[in-house]
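Take a look at the following structure, please.
Chain naming follows the written order as A, B, C, D and E, and within any one chain the residues start at number 1.
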Amino acid sequence: MNQPSLFSHRAWSGIAACCLVLAALPVLNLAFADGHPLHVPSYMVSLVGKFMCYALAALALDMVWGYAGILSLGHGVFFALGAYAHGMYLMRAIGREGVYQSDLPDFMVFLDWKTYPWYWTATDSFWYCLALVVLVPGVLAFVFGFFAFRSRIKGVYFSIITQAMTYAFMLLFFRNNTGFGGNNGFTDFKRILGYSISAPATKATLYLVTLAMLAGSLLLCRWIVKSKLGRVLQAVRDSESRLMFIGYNPLWFKLFVWTLSAVLCGIAGALYVPQVGIINPSEMSPANSIEMVIWAAVGGRGTLLGPIIGAFSVNGLKSWFTGAFPNLWLFALGLIFILVTRYLPQGIAGLAARLRKEQP
Amino acid sequence: ADTIKVGILHSLSGTMAISETSLKDVALMTIDEINAKGGVMGKKLEAVVVDPASNWPLFAEKARGLIAQDKVSVVFGCWTSVSRKSVLPVFKELNSLLFYPVQYEGEELEKNVFYTGAAPNQQAIPAVEYLMSKEGGGAKRFVLLGTDYVYPRTTNKILRAYLKSKGVKDSDIDEVYTPFGHSDYQTIVANIKKFSAGGKTAVISTINGDSNVPFYKELGNAGLKATDVPVVAFSVGEEELRGVDTKPLLGHLAAWNYFESVKNPVNTEFIKKWKAYAVAKKLPNANTVVTNDPMEATYVGIHMWAQAVEKAKSTDTDKVIAAMAGQTFKAPSGFTLTMDPTNHHLHKPVFIGEIRPDGQFSVVWKTPGPVRANPWSPYIPGNEGKQKL
Amino acid sequence: MLQVEKINQYYGSSHTLRGVSLELERGKCIALLGRNGVGKTTLLKCLMGVLPVSAGAVRLEGRDITRMAPHQRARAGIAYVPQGREIFARLTVEENLLMGLATHSGRKASTIKGEVYELFPVLKDMLHRRGGDLSGGQQQQLAIARALLAEPKLIILDEPTEGIQPSIIKDIGNVIRLLRQRGDMAILLCEQYFDFAHELADQFIVLSRGEVVASGAQAAMNDPEVKRHLAV
Amino acid sequence: MKKLLLLACLLLSCAAHAAIDSALLAPLAGGDPDARVEAIVKIGALANDDATRLLAALKNDALYATPDGRIFIVTDDKAYNPATGETGPLPEGLDGVMVNNRLRGAVDDALSALKLFSPDRAQRLAAATELQKSVTLAQAPLIEKALAKEQDPDIRTMLQLVAGTANLQSPDAAKRKAAVEALADSSNANLRPLLQAMQSDKEPDQAVRVAAAHTLQALDSRLARTEFIGNVFYGVSLASVLLLTALGLAITFGLMGIINMAHGELLMIGAYTTYLCQLAFRNYFPSAVDCYLIAALPAAFLVTAAVGIALERTVIRWLYGRPLETLLATWGISLILMQAVRTIFGAQNVEVANPSWMSGGVTVLGSLVLAYNRIVIIVFALLVVAGVWLILNKTRLGLFVRAVMQNRRMAGCVGVSTAKIDMMTFGLGSGIAGLGGVALSQLGNVGPDLGQSYIVDSFMVVVLGGVGQLAGTIIAALGLGEANKFLEPVAGAVLAKIAILVFIIMFIQKRPQGLFAMKGRSAE
Amino acid sequence: MSANEHLNISSGRVAGEGLDTTHGAILYLEEITVSFDGFRALNKLSLDISVGELRCIIGPNGAGKTTMMDVITGKTRPTSGTAFFGQTMDLSRMTEYQIAHAGIGRKFQRPTIFEQHTVFENLELAMKTDKRVRPTLFARLSSEQHGKIDEILKLIRLSGSERRLAGLLSHGQKQWLEIGMLLMQEPQLILLDEPVAGMSDAETARTAELLNELRGKHSIMVVEHDMAFVTEIAQQGVVTVLHEGSVLAQGTMAQVQSDERVIEVYLGR
């Protein structure tokens, strides 16, 4: 309405172009043989697929951090729970092809478990697990958020308890007896919905689903941010108490984005597992959640596109540096973080906005 | 191509860098050594080093990159079991080769992996046997102390089954786990002390990584001496002891398939080369570098692979796998190690060493010769007859 | 004492101060008048160094202070009572007062002169309360007391009577009069309360949209021309 | 059996001769473990200075053998031949005599039995204490003999307990009863199984059983008390570590609002400075090496403060008022610092040894060992806290720091050089982190990742206490330390840690601003 | 544009749904005490406001005026005493947003607006609508609502500035914006804490004019230190003087101004 439009026309065309290019990658990978100039190596495709999952997580984080001012240092837990929920299905789909040739996953055979524990009930259903992907992070976030927001926990206090939460979950999942494979987590998946997980076509499909989810989430988030609710969220960020005096109950607004964000993050995790092939508790380590925040910050928080750009650039650089300068890459990455904060206070997206202003 | 590319996949940053960095260096040294002798099939080896940064999904990504992008013929790498598990599907999918140089919990056999570290029966079981022997102190009670993850949990499960088979009661076994990076061992050491009041006790430590130093410092300061309660560790070697004041640890034990202190010409040569390499490459603390078991396993693995390639006259994965069967190598441990034709594990000797004040180990027990690996522990029901690929 | 020469200031692209000049002598009080949003506060902030000026010069006792940081200007003898009080909310009243002594050293830096308590007795009762817990008017009093403790050569007051009860406004008026009579201090008073300013000032200037549109001696303040610039 | 032999020999205690029969020595160099143990027992039975010297040498790895089986005690580059009593140059082909735990145990037993009759009080006391652990019925006559000779009251008490322990297995019921009663004041946990056994049918005598039950009860309650006190101590000790690691952060984060992810790396730099000080002392003042810690304290403070100031001047000062951005920049700094240390010192841990005055511990209440390094660190933490408190509350600097952090612009307007205060405050916080690093180096690893393991805990402590509240930080550290140590024995380390984290989450619900919340209008 | 037209827009309801004002009073404070660590900011304060009344409250700095408003709006919980909105709503049991929802609007002593939002958005957020999550998400401004915002913009003379960030306004402009937000809320009871502080004399007069227009349509409570302004708006109504947390005097402006005690503690001689 009276808002400057969130994305300019140029940004819209940019987004569309990016989507096209991204969508073309797996197609080129399948269509052209290795060696052909237009061939995209499958390594590249799986890398970009992984980055898109990270980008979705960063986008989710930006909704709470950038717009509602809630800094979560524990989003890794939602990501991982989504991943574990999907992982349960993938584990069941291994069937008897595990090393112990049992109906149970190898790690359960190993623990001498004879049946699935109750929380594995029905996880052989793909759709049930998809529901879990949404429900588990969603319900956890809702309950956690409800109590935290109701107690009016804010700022670093909130950040730290989210960190405590993810840390606690990490330790819990590290225990073998928790029933999620302990430190090794889930890996060695064989198939999804009957299709071999390592088949190029399956991979391309997963990739495209991820792309669609990312683009869809971007649109959804944009719609929310541009609605009046988006403005209420920003008011929560800036002056929550003032908002109460004009009649809004911040609790439900916060809870809404917080839960939405957790669900998006869970979906990101669910898409991540089959593409990366492993989920284990280290995804819930506090450092991982902080890294998500870093992606959003580097890209520019409160901009929707920024976190996506941030996730791609930080992870892209990390992938490239760790191969190209295995001994020096931390210097380079660290320096980039410092320079971004120093010279690009609004992140990469802010730089883009500045350039646009300077040469209209 | 006029070179053969080999991948090196060890964390150079993050929590595992502490252990894995030196494996990368040993691998590079070994490759230099092979190249100096003319390479393999007349081609030089070219190492591609990447840093998976102690991040398991990154291990998988890097493995894929090495195989698919850099087209390496073989990868030497991984330390933790979870990093191995995370790259396994990649190696299977792309049908490539991984050489894994670290002792591990077993319960695994993969066509695409060669395990040059110890399986439980090549390390844990003999160590416990020793502790129960008269010479080892005749321990009757056991504290199984480990970091909370799969290697310690699995090892302890096997050990518990083994101890039971030897008539040790459950009440004489205490199993204790600490989180990764745990640094406060006051309570645990006090509890060990309490437990040991009930009879001759030994501690079997599968503590990994950073927690070892605080554990040993606490042990030393609490006055628990090796003559009272010996601790045998499976993840503590010369490299880890570099960070500890070992004087109070005199007599505590470790079980490995190699110690730097074993005396034989191959080892002398190996140590000399390594020290010279460290100085030449200006590695940090080059004048105090030590060798250890995973380093030896790396060294052996690379040489065996080179031999197999020569034999196969190809770097093709399946041909190399075939040629690996029965490969032998005169290892720094002083024995000639053989690659088992059926289970991809090495036949290795087992040594038990006591910590000396200088941070080295004096060998107090060893097997007469190399032992075949049982990756599937026979003490776990259902594992019978699984020892072959 | 204070010379301001043609200073200009921009907030981004909006030109807030346009060539404002003024001159103030020791022992004199100048009133700065103008409607809401014309740039009074901005001008005072520029004098204190909180905002940079893009052109022009500020001189204190002949010394060019245009590029000095606020703390250097404070040490050079300027004290500032900002609009909105800017109390150190989590310091006690006493500590807030001690902050007023930040430019002093030695014993002087730790002794709060009794005068301020005579002027603002309420502060004495509340020495150990946190600044932020005070009522609005109490905070305003605290802010003035803090500035006076610095014993400045130039005191800048941005709407000092805002939110203060009538009797204390009278007291503050008396203090300003006293300071003026003492003759060792120059006073720059930005005020919406016309009668108050009229009573105390020797001179005045009127700002409108960042420009000086009228100025003169106290007597000229009641001119309809001046009033016109203040009316809506 | 072994002990019986030893005793027999001891009691016969023949006159000392100058040298040891080489036939006795020969098995030591041989490969038969049983023969070696037997040899040690026999040598111990000689009970003369030469035997003591030989056994001590064996224990300290100073015993060597030639390939033909002759034994030498090597000190510096002289070889003493115990068989001949001659000292000469080192013979060809000397090789250390292998000692393992079993042998070491035998040597210890032999030595402590010898030492019971030593003229040195400390040695006798140590021997008596040692015997308490392992005494058997067979040794009872020896103990009685020592008891008869002993004058020192402390050692007598100890020996009485030892005698009691030995006599528990006496076939004579009266003796057993006396022994059980004598042990009523013991706090030796090793007695429990014996006493417990005496409760069962294995003990034929009813009176002894009753007495044993009494003693066992007394012992148990004493042990329980000891355990409780032990837990309190462990908790305080953990708290002191948490406090030292969190204190610097309480300043850089709590007061300045910088989400300082590089805090852990400042701890690490402090620890590495300690390492360098130790190296320097080892190389240049080997005689004073035990004092390296004293030098390390100011050094670590200055080095980390300097690093902190450099960071503040180059990076952080651009970020005031943008607290969330500090997270990103300091994360970058932390990566760089970690990798820098890895490049310079290697990825492996470096060794930092406790100075000898901090090694070991003091035994209290019979069985509770309070490690010296822990005690020192508790005291050190108290001193640092006191210092920080004084600086922040009793100096003008402290006032300015708080003022600048609350209202930077106004602080400038009243004449405070905010840039200088920022620099000094960050330097102070960093320097204190450096001191924390010194303490950590005495407990655990010194490696490039050192900081990473403490950063999460540090933030929890600071936040739980209430950001900007020094007193809160202290109480939070203490609370977490104690809670952890009382939970750990019940739940195990992993569940205890999870429980603590859940507790933190719950606690913040009750106190959304931390333990010491700011109340009133000023809190908004 | 005069304030008159504004009144047409605001529904002009005096009492809304659920508010029972059968006894004629909209607000009752009874024996309210608020203490902060032993200091009594309010001391057994009793006060009531009738429907449609414009009540001026004066009193020395620190008398407890702002604290009283804090109690009414739920920001501070009374240590003892009761506060009722209408006959039935116990304010001490309601949260801030429930109170706002029930129809009490407040302007703070220091202007508090959403600095990162534009002037327009500030008004939009304050507007009386369903303020729950779902309606907010799907809210679209009707042309009527749009018109209303425009009216208010004109009234507070920020018409040209509706797209400016509110944080960039001058002090006086922020005061006006906050008054505008209050009007958007259409509350039944308006609390104004020093509405003309920092306004020029002319602006003050305008504000007085506005309040005189609102009189009778809303119940209003005004706290001010500007005596000219208070005289202007109090007219013949009751002025209450607070001192040390309780009522010191009450009466018409003329009565109060001549009260010795009021002169002593507040007006000065």
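Rule of thumb we're sticking to: a residue touches a chain if its C-beta (ideal position, glycine included) is under 8 Å from a C-beta of that chain, and two chains touch if they have at least 3 such contacts.
The model shown is predicted, which means the values in this text are computed figures rather than measured ones.
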If you average the CA coordinates per chain, which chain's centre is most distant from that of chain E? B
Chain whose Cα centroid lies nearest the overall Cα centroid: A
Using C-alpha centroids, which chain lies at the maximum separation from chain A? C
A-E against A-D, pair bridged by the larger set of C-beta contacts: A-D
Just curious, how far off is chain D from chain C if you go by their C-alpha centres, in Å? 62
Expressed in whole Å, how far the mean CA point of chain A lies from that of chain C is 53
Using mean CA coordinates as chain centres, what's the gap between chain C and chain E in Å? 30
Suppose each chain is reduced to the average of its Cα coordinates; what separation in Å results between chain A and chain B? 35
By the touch definition above, chain D meets two or more other chains at residues 338-339, 343, 452, 494, 497, 520, 524
Of all residues in chain A, the ones touching two or more other chains: 171, 174-175, 241, 327, 330
Quick check on chain B: which residues sit in contact with 2+ other chains? 12-13, 148, 177, 179
Residue ranges of chain D touching chain C (in the complex, touch as defined): 396, 399-400, 402-403, 406-407, 409-418, 468, 518, 520-524
Touching residues of chain C toward chain E in the complex: what are they? 11, 34-38, 41, 83-84, 122, 129, 133-138, 140-141, 159, 162-171, 192-194, 230-232
Okay, in this complex, where on chain E does chain A touch? 73, 75, 95-98, 100-101, 105-106, 112-118, 120-121, 124-126, 131-133, 136-139, 141, 162-163, 181, 185
Along chain A, where are the residues that touch chain E in the complex? 1-3, 224, 227-229, 231-232, 234-235, 237-239, 241-250, 252-253, 256
Residue ranges of chain C in contact with chain D within the complex: 48-50, 69-71, 74-75, 79-80, 82, 86-91, 95, 98-100, 102-103, 109, 130-133, 146, 150
